[in-house]
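The structures considered in this document are given below.
In the two assemblies presented below, subunit A is common to both, partnered first by subunit B and then by subunit C.
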Partner chain A sequence: MTALAQTRSWEPFAWPLLTAALLLLLWHFGVRQSGTDVFPSPLEVQRGTAELIRGDLLWRYIGDSLRRVAAGYLAAASVGIPCGLLLGWYPAAAQVANPVIQMLRPISPIAWIPVAIVLFGISDLAAIYLIFLAAFFPIVVSTMDGVRNVPSMYRRAGRNFGLSPAGLIARVILPAALPRMLVGLRIALGIAWLVVVAAEMIASDSGLGYLVIDARNSGKRYDLVVAAMLMIGLTGLAMDLAFRQAEKLKSIRWGFRDAH
Partner chain B sequence: MPIRRRALLGAIGWTGLISGLHGYLNVSWPAVLNGYLPEEKRKFNVAYIPVTCHLACPVTDYISKFSEAGEIFLPRMFQGFPEIKEALIANKMQAAFIVAPLAIALRSQGVPIKVVYLGHRYGSAVVVHKDGPVKTFPDLRGKVVAIPSRFSDERLILFRAMKVFGIAPAEIRLVEMAPPDVAGALAAKAIDAFSMGEPFPSQAEMGGYGRVLFHAREYWPDYMSCVLVVQEDLIKRRPDAVQILVDGVARSGLWLEQGQKYRENAADFVGRFYYNQKPALLQWALTKPLTRVMYSPLAPRKADFDMVRDLMIETGVLDQKIEFEEYTDLQFSDRASIQTAWKYEPGTSSAQ
Partner chain C sequence: MISAAAQRGSAPNPNAFKTKLRADHISMVFGRGPDSVHVLDDISLEVDEGEFVCLLGPSGCGKSTMLNVVAGFLSPTRGQVRIDGELVSGPDRRRIFVFQERGVFPWLTVEGNIGFGLSALAESDRRQRVAHYVELVGLKGFEKAYPRELSGGMKQRVEVARALAVNPDMLFLDEPFGALDSITRLIMRVELLRIWGAERKTIVFVTHDIDEAVQLADRVIVMSARPARIQRIVDIDIPHPRDISSLKYLGLRDGILQAIGLAHKV
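Presenting the complex of A and B:
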């Protein structure tokens, strides 16, 4: 199948489902072949998930994780986008701040856990802070790049039409930088969700990350560990699909070559 | 030299250098080579974490190195109980020091391990902020208290104290934390108190920010927390090796009970060579007073374990009654009872 081939309407669903089914089979037979009594089979995981649903825990945990990620991510976006705009607009400021940003960016959120505990104690805020940190840097960097790469012709045209600096940012720079920013925002959302396990290690008492830690601590419940991992994956997939829908909006569609 | 050859030589040199450094710095060669020995000569791995409840493990290893027979086992340090539990389930560790309720829970979940000996008696405490609002145990109502694991005796002593004061379990919030993190969390006021094994109560006392609210023995007279568990197949295949291990631990316990001098020496070598903690900290935990942690008598007793099991069922971490005989094997502790302390004087290089 090449990129140019016409896809039939059933294909976008059938192929991924087939892949998933094959992986499940591989997993099932892999567990049976190896004879392990530690790693759970898909059926055991399904039973574990059913147990979580019966106990009314699953939806509550997914909801709590989403709430923490949303809070951290929105905070990161509302601080990161203005910072990125500023740094993109003033190259001198970027020169000053960039080394610091690039230095802080690769530090794993897990390394921040002791700092988060010292700053916020054992509370939701500490988890939200970790998610904020993870999402903040990709947003700043992509916004900064987006603004920097706006062709100078657009700026000049905007000025010639008599736009004030604020008007220029709102009506020219922001829309022009939006496609690139959106890529950064999507990556940041993925990272924010990725960090949820580490964030909920800080003595939370709910959430999918907590479920992984809690199931691990409760002896031999690896079915629940894997169930939580699968739920994290599926929720991440759903979030990514939702975000891709946003990219189809008219105001940003122009930035993507293959959008029709 | 052509550039391609230079690049190739550089790449080979670099790979050689980092492999050499990795082999020198990171790889535990005795452990790697041990895997290639014939089975009857192979030493087994004993897991422990850096708490004084497990002190007999490094003490036995250190002293036995000076003895004629040489070291008995390979000590492997972990940082928390979940990791030890996983290594036991995967049969990567043949023996381990773990908290008694975890041993009971694992056995009831079908992990083939048996308790053969205790690690210590006493030596756990509940610590609060030095000048904080918590003056008595009932002041902990509504507060956050850190425990090492839901399967720990440190959690159970809190429940025993709650019973005395008529406090409901829901009134105190318990959070599970890795033992090495709690003193820092208390200093940062992230938690209101913690219930842990030594040397973490001592660390908070020495640091000047913690105060012992009570020692475990105040609510649990014959308190025991960590036990030595061994894989069942090892007991079947190599009972003699398990006996040597238990004898070694028993002898170390008696050696530690000989007085101040021996405890100070243990604090020194365990802190420097095993736990990577300041010897002064271990010295505080082991000598202020000398009865703060005790290493004898260590034979498992049915009454102690029945009490732990019943408390576990009562507090919801065990769902079925399991009998003492199912998860213990007393043959080794019975034979170890005739052992005497190591003949090892601090500073010398021979032991018997």
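Presenting the complex of A and C:
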């Protein structure tokens, strides 16, 4: 039974691959046609990538970037989730804190780079601090929002079954708020990955962001610049796909309207 | 299964005259000053142990507020509620409130929902209790299903089973079948009467549906529009299962219709 609207099993893979192939061709002939000797062709980038892999540099830099993201992100989650719970639970606390949060939130994490360098110098800590700042706000705001929007019926049912406040938070509030929280956690992870690259370009001496800026500064190796850019994109995509798997869990999926 | 309910109707309940719930002079005013809303006006009410009482009134009259007061979720502006002689000061796991099916936890399976109030029990006891109530409400085979995979009627059964599983002695039901289609609603009424026959809980049931009240209740408390007062109390002395085309049924229903001030011609 193949309804018209149904996609065949190979389609979700084939079409994106085709798009990618077309773009590569366009890129290749674009470089050829323009006669540029600055911008690399796909083949040169492929050779550059191979060179990075042979020198073990690529894996080390990806590892460094991921390690910084993990540290900053986990710190942001472990501070941000309790803060969000608190602010969502006590409307008075939210009234006090919310204007400050809303004022700090639109400041690009990039603007914090000088502050980070003053505080931590050129070190891992500077980058981790920036990632923490970038991930913290979406996590706090989405948790607060999630907690606030827990239907009162769920709270009342929980109280009716005799739950203590701690039990109510663990067994009712958190699971009920989780779908909204996950949206914030996923956005935060995306931003963290954007910020680590920026941070490494300025306040670090390793990682994919450093690779981009270093390849340009030491000998205008644009093949390596583009190779690093592609690795940044692929790693970000992999992290997002991994995160989306969590949204497919049935105990979470109820919160997403279109998921079936 | 229907015979259990029928027996109850014909044989007098040994506890029938023991007062379970007593509400004295309940008044409720929301807000202060000129914007305040007077919702309940001096309502006194007694419910016997094992009795099935319906609070009936037009939408927005305050019958849900009354139910929230007796369940301990709201404290009244004046008056007090006693259950088994104890002053009610908050919700209690001996008295479970059943919402429309929206009160089912969507992140838990049918089993998880029904076992929600049983975390103090040993694993094997809990499993046994859950299995018993899954069976009682006719959800066998759906233990691992999530609420979003169920129909409205099935979700309502989950919520009733979740309430019954903690073995409460009272149930408060707030228009529990209001969101269901009319056929499912009829089925659920029969199911509720069957469960009531088997478990003998004291039930306070809020509805705006006159037929529903006359089909289910031992007594119907007819409430007026806001501020709600008790307008009339009607004893429905028809044994279950009730013949809803009998003269007695129709007479009682018409009496309530007239009390509310509605002509029964459309």
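What we mean here is this: the second predicted complex is superposed on the first by the 250 of 260 C-alpha atoms of A that agree within 3 Å, B and C clash if a C-alpha of one lies under 4 Å from a C-alpha of the other, contacts with A are read in each partner's own complex, and residues count from 1 in each chain.
As a convention for this text, a contact is a pair of C-beta atoms (placed from the backbone, for glycine too) under 8 Å apart; a residue touches a chain by one contact, two chains touch by 3 or more.
Computed from a predicted model, the values in this text were never measured in an experiment.
**Student:** Here subunit A is shared; do subunit B and subunit C fit on it together or clash?
**Tutor:** fit
**Student:** Figure out whether A:P151 sits in contact with subunit B (first) or subunit C (second), or with both, or with neither.
**Tutor:** In the superposition, A:P151 touches subunit C alone.
**Student:** Who touches more of subunit A, subunit B or subunit C?
**Tutor:** The partner making contact with more of subunit A's residues is C.
**Student:** Which holds for A:N217: it touches subunit B only (first), subunit C only (second), both, or neither?
**Tutor:** A:N217: touches subunit B, not subunit C.
**Student:** Is A:P175 in contact with subunit B, with subunit C, with both, or with neither (first, second, both, neither)?
**Tutor:** Once the two structures are laid over each other on A, A:P175 reaches subunit C alone.
**Student:** According to the stated criteria, A:I122 is in contact with first (subunit B), second (subunit C), both, or neither; which is it?
**Tutor:** Touch partner of A:I122: subunit B, not subunit C.
**Student:** Quick test of understanding: once the structures are aligned on A, what is the angle at the Cα centre of subunit A formed with subunit B and subunit C, as a multiple of 10 degrees?
**Tutor:** About 150 degrees, rounded to the nearest 10.
**Student:** So in the superposed three-chain picture, is A:T7 touching just subunit B, just subunit C, both, or none of them (first/second/both/neither)?
**Tutor:** A:T7: touches no partner chain.
**Student:** Once the structures are superposed on A, label A:P114 by its partner contacts, choosing first (subunit B), second (subunit C), both or neither.
**Tutor:** A:P114: touches subunit B, not subunit C.
**Student:** Contacts for A:R159 in the overlay, against subunit B (first) and subunit C (second): which applies, first, second, both or neither?
**Tutor:** The answer is second: A:R159 touches subunit C but not subunit B.
**Student:** What is the minimum C-alpha distance, in Å, between subunit B and subunit C after the two complexes are superposed on chain A?
**Tutor:** Minimum over all C-alpha pairs: 37 Å.
**Student:** Do subunit B and subunit C land on any of the same subunit A residues, and which?
**Tutor:** none
**Student:** Under the definition above, what is the set of subunit A residues touching subunit B in their complex?
**Tutor:** That would be residues 37-38, 114, 117-118, 121-122, 203, 205, 216-220 of subunit A.
**Student:** Quick check: in the complex, which residue numbers of subunit B touch subunit A?
**Tutor:** Touching subunit A: residues 82, 85-86, 89-90, 102, 105-106, 109-111, 144, 146, 149-151, 175-177, 181, 184-185, 188-191 of subunit B.
**Student:** For subunit A, which residues count as touching subunit C in their complex?
**Tutor:** 151, 153-154, 156-157, 159-162, 171-172, 175-176, 178, 250-255
**Student:** Given the complex with subunit A, which residues does subunit C contribute to the contact?
**Tutor:** 71, 73, 90-93, 95-97, 99, 102-103, 105-108, 116-117, 146-148, 166
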